[in-house]
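Two complexes, one shared chain (chain A), two partners (chain B, chain C).
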Partner chain A sequence: MYKIAIKDINTLFSKIAGEQELILPVKKAGQYNFGVYEEGADTEGILTNKTVKSAKDAFFPQFETLYNVKKTITPADELENGEEASGTKIRTKLEVQMEELKDKDFVVFGMRGCDVKAVDVLDKVFLSDPVDNYYKARRDHSIIVALACHEPEESCFCTVFGIDPSDPKADVATWVVGEDLYWKPMTEKGTKLTESVKDILSDADEGAIEEEKANIKAIMDKLPNTKLSLEGWGQGKTDEKFNSEVWGKIYNPCLGCGTCTFVCPTCQCYDIKDYTTKDGIQRYRCWDSCMYSDFTLMAGGQNRTSQLQRFRQRFMHKLVYFPDRYDGMFSCVGCGRCVDKCPQSLNIIKVIKAFEKAEKGGAV
Partner chain B sequence: MCDCGNSKDMLVPQVGIITGITQETPDVKTFRVNAPDGGKLFEHMPGQCAMVCVPGVSEGMFSITSSPTNKEYQEFSIKKCGILTEQLHSLEVGDMVTVRGPYGNNFPVETEFKGKNLLFIAGGIGLAPLRSVINYCLDNRENYGRIDILYGSRSADDLVKLQEIQDVWMKAPNVNVYLTIDREQEGWDGHVGFVPTYLKEIGFKTDCIGIVCGPPIMIKFVLQGLKEMGFTDEQIYTTLELRMKCGIGKCGRCNIGSKFVCKDGPVFRFDQIDELPNEY
Partner chain C sequence: MQGLKDRLKELLTDGTVARVVGWKKGDMPYNPEPAVFTSVDEMDDFVYDGFCGANLSKMMIEATKLEGKTAVCLKPCDTYSFNQLIREHRVNRDNAYIVAVGCRGKLDIEKIKKDAKGITEISGTELDGADEITVKTIYGDKTVNYSDVLLNRCHVCKGKDHMISDEVWGESKDTADQERFAEIEKIEAMSPEERFEFFKKELSKCIRCNACRNVCPACSCRKCIFDNTKFDAQQKANVVSFEERMFHIIRAFHVAGRCTDCGECSRVCPEGIPLHLFNRKFIKDIDKFYGEFQAGKDPEAQCPLTDFTFEDIEPGERG
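Now for the complex of A and B:
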């Protein structure tokens, strides 16, 4: 166990950023969001404030190029003497060049217990067969320095999903204790990173973080949503939950804006699109949202054509389908970001509570 | 897995060259695709699909209509009905497209279908995925029993692969082909009527496996008909079709319950479909 005075924390960030890319909460336009650390950045408040978006971008960016296509058209009058492929004269030639995969280590500092658990959820999707190599390269090169939640916020409910915000599991775990940041390497990667910054850390007594852990637990205990019950959700509940009348009673305020999916650390639906540049065609992937009406729309008009169906899909996916497919794991980590950001105050907590009420015979 | 020179990834396509185009019907063309060096881009099994892309326009999932027993090329029969398919229809021999795949599961031609009588029921462009199975079975004729093929379209001009049906399928041993069109038409002396109605008129025995593909409304009534005739859910196979982007069960579009149609499908037995939420 090590520590560094919080007033000197920029020295630590500088040191890390000198050796590899460092991503951490950055204050911009009054909001905290994960971004690349720049020398002299204002790091005030980054140890306590929750970021608006999760750290998802660091592993699964909102936009990323998959490959580029070079297109060459042979003029009609040159076709006869032109190049052949498979015994056929080439009219339009295409060449595909895959985008380089991430090949350098990077550090993400300040992820909370919920965000770290969310990476486990993303791993289930992207690292299951067939592996997504773009994601895997980032995971292989990432070093996660997690931060225990010094001040859990009112919307937080990670404990419902079995996450301990006072004791995050990552390559390095850190705690705010008084005027110091305590630092504990947890993995081989974490130990290696610690070695590289050891000269600015000082030895510390592990006992000092116990009080901080107890404080965090005490705050969590008092928060309004941490007593939520997941009973009735999980594997094998498709028929019962899908066919419930509750969806029809609660979905209506949903605007289908997709904000919940964009701030969500576990939502991973994506689109693949083209961007035509002067040099060719760039094929990129970007986040998409199951809340949007054209997400599943086909030429024949199907499917999930109503907002009720789309609303139901998002929560069924997180609380039933995902556990069904991936050994009982829920695709929600209780970070509370959708609770903070939904313009209609509609969120997963309301859904769970509405079902609980209906199942006890109450009016929804 | 596609080999794109510097790295391998299921999202990165290979380049294929169009070496032949057949105008099947007023709005369906069959594209023959080869690897640039000749031969096929990859091996597949009947029922599997591939993502075909016109770079700069869009990419879409299409069933591979040629049989794996065809060692020279792969074919896609594509109906013009949207932005991508219109672009595809404007392509000519010598144009390249990108192709990635094969994706999804396949009809159990080497397991459950083996040694059985097979009843294929197709409507319109729904013949495309079944043609791969039919030709696979015909090329391995000794492995299968009686083959009945019931195929219908809007009109005689909309019957896909009619030439092959008449020249190959109708002449194959122990194969019965039943064609129908929706409305009377000059020059057509065959059956007139919808596929589900014709199915009941013929009244097939239940000593076979039913394989159904066509527009959702046809599938619905064919299934109803088969059940009235005594078929069980475990005896009937079909394919589901939903919007897809990745093809590998990750982008979320074709998610139904805990299944992804692109990866766990497109081939499903009806008892498996019954377990899914009714959202397809």
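Now for the complex of A and C:
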């Protein structure tokens, strides 16, 4: 167990960033978001404030090029003699340039317990057969330095999904205690990183973080949404929940925007498309949103034609389909970002509560 | 609020309207959601307080297609949007019953949360509440002045009068305490490089969620060009270089002359991008080049950009 004074934290960031890429929350134009650390970055408040987007971009960026295809055309008068003789009029060559996979280690600092758990959810999808090479390369090279939640907020409900925000499981775990940041390597990768910054850390007593852990637990206990019940959700509930009338009563205000899906640390749907470039195409993938009208749109106009269906899809995926497929694991981690950001104040908590109310016979 | 709720229930009971578009009580002290109520029982969850900032006029596009009249609660600034939708033949006025609700400015929860995490209770946000609101949090209690935590748009309030109504409920207050174009003038005074940097910093936060577009009452195309699947510029790919800037600039051009400056785009942006600045710049320029014009003030008025007069400014002229 080590520690560093919070006032010196930029020295730590600078040191880590000197060795490898460092991704952490930075304040830009008034908002906290994960980004690459650059000397002089505004890190004020990053230990206590929730980021708008999660750290998902570090492993699965919102936009990434998969490969480029370049087309070269050689006109007839530039063809080589042999080609000309064989009757070739023009030569068209397609060249595929693969995007390079991540091949260097990088550190993500400041992920909370919920964000770390969200990576487990993404792993299930991208590391099961067929393995996603782009994702795997990033996962293999990532070193996660997690941060215990010093000031959980009222939209937080990670404990509902069995997450302990006072004791995040990562390569290194850190805690804010008084004026110091406590630092504990938890894995081999974490120990290696710690070695490289050891000269600016000082030894610390493990006892100091026990009080902080107890404080966090006590706060979580007082928050309004941490007692939410997931009874009735999970494996085997497809028919019952899919056909419920409750969806029709609660979906209406949904704007069909992608806010909830894009701030979510676990939403993993993507689309693959091409940009036409001057001399070929750029094949890219970008996050998709089940809230959008073109999500999994097929030539015949299927398969979700109304906002009710799209709205239902998102929550069914998180609370029923995902657990069905992955041994009961929910694909929500209770980070509360969608709760904070939905323009219409709809969210997964309200959905769960509406079903609970309806099941008890109340009007929704 | 009870009076308003009772009146709306009455409208449902006596058959004046078949449904009510209003706000439903949230599960936290500050998150009521826009909702459609079809029965008196459902109306028990109706709420109207300082957090009912959402402009409900756009919901009337669909609601007025239904059978029977729909009552809608509109604040003074929302009535401009509604008028504009009438002007564009997007809502059916005959199927709407407008309850013009009073407003003393709406609250910005982001501003409140800046100094208050772990909120459990907020009191004093009703229309007839006090000048101070009390915010209870698990980390301690705080009081803040109502006027210090208003949505930015309320500081340039268009006034306390409703532009259209069938009946009025509650008193309104003009909350303007800033010059409407002060923010624009500040940006106009920047050098082109500074201005580019400013917008680059703001717009690079864009996550292409399209919330600004989907909430905008002026964005009422049935199919947005950016949702066209045969179009290279994908609506959901946030390419850091230029894509999202194009989106916002194109959108601002498309709503120019029709935007009432309701401020919903900036209110809903999850990244806090001041999107209203684009629209307000257009409004300022339209005022300058074509004479003062407020979209939605008069549902019969011709918008300068869809009209021609011999006095119109020549293309390329910069006034």
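Criterion: the second predicted complex is superposed on the first by the 341 of 364 C-alpha atoms of A that agree within 3 Å, B and C clash if a C-alpha of one lies under 4 Å from a C-alpha of the other, contacts with A are read in each partner's own complex, and residues count from 1 in each chain.
Simple rule for what comes next: contacts are C-beta pairs under 8 Å (C-beta built on N, C-alpha and C of every residue); 3 or more make two chains touch, one makes a residue touch a chain.
None of the values given here were measured: they were computed from a predicted structure.
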Fit or clash - chain C, chain B, common chain A: fit
Which of chain B and chain C A:L94 touches, first, second, both or neither: first
Which of chain B and chain C A:L297 touches, first, second, both or neither: both
Following superposition on chain A: angle at chain A, chain B versus chain C, Cα, nearest 10°: 100
Chain B versus chain C as contact partner of A:E154, first or second or both or neither: second
Contacts of A:D271 with chain B and chain C, given as first, second, both or neither: both
First (chain B), second (chain C), both or neither touched by A:E39: neither
Which superposed partner A:S345 touches (first chain B, second chain C, both, neither): second
Touching partner for A:Y67 - first (chain B), second (chain C), both, neither: first
First (chain B), second (chain C), both or neither touched by A:D288: both
Minimum Cα separation, chain C to chain B, after superposition on A (Å): 7
Chain A positions touched by chain B in one structure and by chain C in the second: 271, 276, 288, 297
In the complex, chain A residues that touch chain C: 28-31, 33, 52-53, 62-63, 151-155, 219, 222-224, 252-253, 255-259, 261-263, 271, 273, 275-276, 284, 286-289, 292-294, 297, 339, 341, 343-346, 349-350, 353, 363
Complex interface listing, chain A residues touching chain B: 66-67, 69, 71, 79, 85-98, 101, 125-126, 128, 130, 132-134, 238, 242, 268-272, 274, 276, 281, 283, 285, 288, 290, 295-300, 302-304, 309, 313, 316-317, 320-322, 324-325
Residue ranges of chain C in contact with chain A within the complex: 26-28, 31-36, 41-42, 44, 54, 59, 113, 117-120, 137-139, 201-202, 204-205, 207-211, 213-215, 227, 229, 232, 234-240, 267-268, 270-273
Interface residues, chain B side, partner chain A - complex: 1, 4-15, 17-19, 34-39, 55-59, 81-82, 85, 91-98, 215-216, 241-243, 245-246, 248-255, 257-258, 275, 277, 279-280
